[in-house]
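Once you scroll down, you'll see the structures, which are given as structure tokens.
Two complexes, one shared chain (chain A), two partners (chain B, chain C).
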Partner chain A sequence: MIPDQSETLSRTILVLLPEIVLALSAAAIMVAGPFFRRGRSLWAGLSAAAIGASLLALLAVSGSGTDAFAYGSVALNDALSVYGRFAFLITGLILLGLAHNQVGDDRAAEFFGALLFVISGAMLVCAANELIFLFVGLELVSIPTYLLLYLPRRNRTTQEATTKYFFLSVFSSALLLFGFAYLYGLTGVSNLKALAFLMGGGGEVITTGTAAIGSIAVVFVTAGLGFRVAAVPFHFYAPDVYQGAPTVITALLAWIPKGIGFVAMIRVLTSVVSVGEPMLSERAVFLAWLIAAATLILGNTVALVQTNLKRLFAYSSIAHAGYLMVGVAAAFARVEDPANLGPYSGAEGIVFYLAAYALMTLGAFGVILYLEGSGERAETIDDLSGLSRTRPLLSLAMALCLFSLAGVPPLAGFWGKFFIFASAWTAEPIQGIPSLQLLAVIGVINAAIGAYYYLRIVAAIYYGTPARSPAAESRSAAGWPTAMAVGTCAVLSLILGLIPGPLQSASRRAAVAAIGQPAPGTSGPEGEDETETDDVALVRPRPVR
Partner chain B sequence: MATLLVVTVLLPLLGGLALLLAPKLDHKAARWVALATTLATLAFSLVLVGAFQVGDASAQFAFEGADGHAGLPWVAVGSGPGIRFALGLDGVALSLFALTSLLLVTSVFCSWSSITERAPTYYALLLFLETGLLGLFASLDVVLFYIFFEFTLIPLFFLVGLYGGPERRRASITFFLYTLAGSLLTLLGVIALIVVHYRFSTPQVLTFSIPELTEGLSRITSADWAFTRPLADSFSLSQFLLQPQVFIFLLLFAGFAIKVPLFPFHTWLPLAHVEAPTAGSVLLAGVLLKVGGYGFLRFNLAMTPMGTAVLAPMLVAISVIGIIYGALTALAQTDVKRLVAYSSVSHMGFIALGLFSMTLVSVDGAVLQMINHGLTTGALFACVGVLYERYHTREMDRMGGIWKRLPLFAFFLILASMGSAAVPGLNGFVGEFPILAGSFSRFPRATVVAAIGIILGAYYLFLMLQKVIFGPLREPGGEGHGHGHDDSAGVPPVQWYEIAGLAPLLALIVIIGLYPKPFYDRITPSVESIVARFPAEGAGMSTEPNQTVSAPGEDSPRALLARSAQVTAP
Partner chain C sequence: MTLLDSRDLALIAAIVALGWVGIWLLLPHRHGGVKTARAYRVGALLSAIAVLLVLPYLTPPGDLLARLFFYSFSLLALLGAVLMITARNPVNSALWFAVVVLSSSGLFLLAGAQFLAAGTVIVYAGAIIVTFLFVIMLAQSHGQAIYDRSARRPLAASLTGMLLLGALISAIIAPGATRKDGDPAPIYSVGAIADQPPADGPIAAVTAQALTETSRLPRPLEQGETPAHVAGLGATLFTDHLLTVQVVGLLLFVALIGAVAIATPKAPIRPDRSTASSSPGSATTNPGGVS
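After this line comes the complex of A and B, so read on.
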């Protein structure tokens, strides 16, 4: 049975309900902003309500499967999509908690509206099943980010950071589009599931002649997304922008672009390439291998010498992009049978790691924000010296996040590293390129190096003596939403470390769904036989050769 | 009993949380809570020792899940049993488990009067550390083992860093990073074991269970895995190193060798031991070093026996270097604590020698020696703590004739030192003798050199006793360069809690020395099951395994070991 156009459309709109709710609220808030001069708490509260409504909408639609429409619909509601959108909504709430007092009353409506747009864009990326739609999602994140960078604080450093980010982001979008064009040229479709199907057993698109075109596509898409995840050699903007941006936006930049970058990689690269011809997937593995090794080594070693906290976290986020690229390299490795992923898969590791990374990074930035919010300096490591004596709970939260970043059990970060390294180790060796096991060894050595700079912060917090002791009454509290956001991050890092089971099985389902190929033209995943090539023709325009 | 084991492991964690969450305890209340928790844990672990079936090599007290695998499912991976919360004890683990719970009581007593600031946090950290260590020895799942293994780093990091000596910050960071670097490589080794087992076992099972992995890996017949060439037969060094068993051995080795620590990896140890508070040193030397030995036995020897066999000559060599180097360095120290720390390097070298000689007698001795070393070095560090409490220095040159001031303390120190120096009749002897006897059958030259280490050990320990205990009374501090003038008001006699902390250790030093049979009875069957998997005739091993039976000796383990050594005969 081939679903008809109107049914596909109505189903797609239903599936996209959470994003629609969010984007409409964002638009309403931005429009209402100039007319109602109210305090920022109103807009923050409205945004929280919008995220809550979107969360409800997501829960409501999460049951409706889209397997039957996979080859025609622009958005999917598979496990990866639900997982990613849920993660972005939760982290959106956390970000909102961190941001609630970071902007003046006069610009609050625009600020929170832009934040909601960013979140809805990130959710679109998770759901996207179409090259163009994916691009729309990515841009829906980028464009409001320019606003966000400049809105809270208007000074020269912010200006510089915004300009830098703007130009590089536009440049990366161009690279990405260039790569997309090649993908489209190769297969003649822009639907991602169809693309994967054609690359795999269904199309025989990749031959010795077209493998070069495929490689160009992979290289450019990786480059375009590499900017967003701040992977070497596309990382160089990160330290400057992170340091120049207002702290809450640094937190956002450290998480949202990285999150969507890797989800997009799973959607458009690994799920498409790994099921296809070994020729292409081997080259892709090698590319990811090189990027991962360079990112890991550069991120971790340069972070060692940083003293500015935001700069340090910039390099730390580059290093984490390296671990995630190890997962991408493993995910690129050839999958014989999409229905059987083997014990570990790279995509599963990436998805798990992303959730853990979001919590620990946002938590660490939240602590910095909390200190700034209560009028203390928190720019360098030395500023945190002796924090445990004045603020024991906040220090504990910071320590939990930092140990999680360092990958020490029993915290969430450990499991992320475990699944990623396990997937790299499981991958079959490929002739002619260095093995992924070597990459895993490079990864763990870097993890040990990385632990040093996190420990330096912990040591400063717990062993240092406070440089000066401001009178206790002069310190103000930073507001409960910030405190709650930090607490949530720290507690969840610990809980997910102790009980990783649910998140792990959710990541597993997401990885299976991302790579899974519903049989074309049938109504469900149980239609296993892929022989109905006549039906494929209906969703597949003539390929351009 | 399975429930009791879980309760025993988690009890300190609960005690620690209670200490952290309880509002504003002063150090007096905190130490009583800690003492009650550790005593209860010790009582439970003694019940487990009592309930242990002697002669059974397999893990006991394991909880049987509904699906036939040990433990409760924790993280589902693939379609197999997944990572499970599985606890159980075999003879080796039981001994170290009981040792841990005993030494924790000692460490609480060691901190009784010295820790007054931030005491609840301190005791909570000690108790968290106890849960980590107990869980580690009781784990039947590799990932669970690894989690407990690394978790111990966090409490120790803070114990050393917050409550240690003047260099504590550097010491805690060095210690943490050193151990983390090694144990991350061990993690890869563990992953590699799981993957190898998954790939080559028929039918393919993804298991994380230590007994199942040990069993399954020994049955893999794939040529790559089952036949490991020694270095002499390989074409090149890299080809030798890339053989699966050798490669995985080295990955696993990285973490455990740093923990033990073997000779080139020991540099973190003196710093951490000296800077740690007394209880930290007791636990570091007493239990944490044993974690390395336990890991060697449980993973390296049991799961990659071929790799161990071909690497054995090199491993024995660095063990012996460690023995001599540690002893010589200890000889050169003037700081008592530093001396004891380096003596640990030397003694742990004996344990490694025993393990890597791969004979039943020597491995058996090594396991018992792990317990012995925990007792003697724990007691020695506790004694150093007693000394430091009173004089605030550990320089041997500034003190002397302490016997006259603290006769009971002198007795404790002499007994612990003699136990450490392997004087016959005390526990060091019954541990080190089988190690040397067993190793001699395979590596006679190395063993002869190692035996010099025992002599050196006696030398530096008695030198220390001579300076500290005997001679005219010289007490540091004040103007008193001591001509026997009596100001004993400044130096309190040995307190009840110091006696309570040290007495059980010293009693066990004597008991094991006089009658080690009950200990060997529990250790040997578990060791046998591991030794039985060793390659019967490794290349480069000139002697028949059953020659180990002819090891001479007049101590009681001989009869026992001679009986059971037949297992090594193929």
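After this line comes the complex of A and C, so read on.
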């Protein structure tokens, strides 16, 4: 049966309990900030408690299914939503550990409140099942990010980075909204599951002619999200902003916008387009093909000549957007039967890669932060040379993260690349556009190029000579939360690389849930073929309000 | 696999080419210099031809009066848009933007979207353009800067804009290009499907779930009665989009706190009493920042 509106709403609120807990705590911290003059450790501790409470809430609601009202609710609790929200909460804890001493006492409440808002916005994006709700979730990430960029340090470089990021982010939001308007105009429904269902509805609603309008939507939504994930040609802000921003915010920018950008692409684009009109899906594959190839080549080749660590990681993050775009290209390919994905699906590769990417990137930035926190210079590659002599454990963590970024087996980054390239390699060839296998080959070549500049850092750490004699007495400790966050990232990268099974099956479930279409009006299993009308006979008339 | 016939393609190519040259001639000089009057005249002529070529693609509504208003609002909006980006004075640009906003509100009104029309006038023409003007007036206390008077990459920018316009026009007219008279409308109205009983098929069932009663357009009423737009909008905002409205509230809250946190010039010296008492100089040099 179809739940009526108030039942749908109350169950959606229940599903969104983790976000509500997080957002209310963030609001409370921000309001309390001016009245309680305490140091930053109180606010950091409260934020950690809020993330913990949100994790508990997520575990509590993770069992409640939303298939029965998937076509009418603004948020879903499917496998992708649980996976993404869990990932953002864990990485939120890691980010909190990295950020705990990065802001002055006077701005701590606003800073940590904004951080919690960013995490809750990212979680809303994972759960979103409606165009406007998704957009508002994306904005709930963007607007606190401007605040985070500016609060920790107020000098000219931060100002420049904030201004650049602010204007480009607003511009990308406008592009995204323009695309959403066309996507909505195609069918007149804003619910994403319903949109995907109508796109695939036997050519009745979407015809070849309307596919042209759909391609406007695909182009503009890809452009708007391309800014967030820093894909070529929308990457140009990344190096300047990454270099100018405080390091912990650079870490946040390297992960959160990229994560939500790709989750939003899975939700809005690939799940909707791949089940729809073949012509639209072919064009979308071609678009993603071009972006992926350009992003990979530009990101990796320019990263080769960088010496500044933050700029290098900026180009490396552009290159990783390229690997993920390979997954998007594979995910755009037409899926005949939403219930039956192939052995490797693009969306599966993307969500696996995102989790691995989060750990390795945050770990690498965490090492830089740790060094900065203990009063050492960590701006260029040369600053790291000979680090293994003075800090063997930290060097090991950095090496693990860098090996994972380079895609060396058996670390998490290797499996991420493997699943993405496998999905591109096994995709059906499409007439008229370069094959996805060629794209996979380009990706593998670029992974080899990328390995060079990551291994260069590792070589500097282990075989370089220290630029200056380590003065042990001048060093101060950087704080245990930072060390713990770095350790967690490195250890998890190793564990997920050695035992990729659980994460892989979770990403598999997420990919299936993202594209699956619950049978309309029944709470049956996911992915019922929409041409079967047997179930529909059982549907009761919609309750008249 | 071409969706457009050659006549449409030629017309669109002409719009792009004429608009490109015309806008480029109208745009301010790259270094802020003055162009000759002839350049402006030729540019205005070419842009006007491009604007006129766009008009056949517009589908005017209803009777003669509505048609008249439609074309005047459309022409005014296009004219205002061209003048807004080509004006050399930022104040003039802001005022031309007001013209664009007002004439698009007129188009909204013709399309039956009264609330959107009123909201656009109030928010854009009323609040945002006034803010623009304030900012421009405050920023220009020492006369115009060179970057206000010059256009950045005028040739490439106008070409990109025109190519985008051409792509949009061709994509929008493509669904109707092969349509004969009597064919169903190319864009399917799911509102009609949603009115079918859900038992008619899975598409009807899904549409009925996705388009609840509150989120549909008001039914056409008897002659003379106007459908209650604002009531309908309120109903859909606070039933279907209740959670979205709440999240927007959170957004406004963050923006408010962020504006206060960023705008205060000096950080209020707050935390420990020890630092506050040990450095009394900070309180005297910064009386405004003491909390």
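By definition in this document, the second predicted complex is superposed on the first by the 522 of 545 C-alpha atoms of A that agree within 3 Å, B and C clash if a C-alpha of one lies under 4 Å from a C-alpha of the other, contacts with A are read in each partner's own complex, and residues count from 1 in each chain.
The rule is simple: a contact is a pair of C-beta atoms (placed from the backbone, for glycine too) under 8 Å apart; a residue touches a chain by one contact, two chains touch by 3 or more.
Every value quoted in this text rests on a predicted model; they were computed, and no experiment measured them.
A simple residue count on chain A separates chain B from chain C, and the partner touching more is C.
In the overlay built on the shared chain, the residue A:112 is in contact with neither chain B nor chain C.
Contacts of A:313 after superposition: neither chain B nor chain C is touched. Using the contact criterion defined above for the overlaid structures, shared-chain residue A:213 touches chain C, although it does not reach chain B. With both structures placed on the common chain, the touch criterion links A:459 to chain B but leaves chain C unconnected.
Contacts of A:104 after superposition on the shared chain: chain C is touched, whereas chain B is not.
Across the two superposed structures, the residue set of chain A contacted by chain B and also by chain C is empty. Interface residues of chain A facing chain C in the complex, by the touch rule stated above, are 2, 5, 9, 12-13, 16, 23, 27, 30, 34, 37-39, 69, 71-72, 74-75, 104-107, 110, 113-114, 117, 124, 130, 132-133, 136-137, 139-140, 143-144, 146-147, 150-151, 185-191, 193-195, 197-198, 201-202, 204-210, 212-213, 215-216, 279, 519-521, 530-533, 535-537, 539-542, 544-545. Contacts from chain A toward chain B in the complex involve residues 342-344, 403, 406-410, 414-415, 418, 421-422, 425-426, 437, 440-441, 444-445, 447-448, 451-452, 455-456, 458-459, 462-463, 500-501, 504-505, 508.
Every residue of chain B that touches chain A in the complex is listed here, in rising order: 73-78, 80, 143, 146-147, 150-151, 153-154, 157-158, 161-162, 168-169, 172-173, 176-177, 180-181, 184-185, 187-188, 191-192, 194-195, 198, 206.
Within the complex, the chain C residues that touch chain A are 1, 3, 167-168, 170-172, 174-179, 186-191, 193, 197-199, 201-203, 205-214, 239-244, 247-248, 250-251, 253-255, 257-258, 261-262, 267-272, 291.
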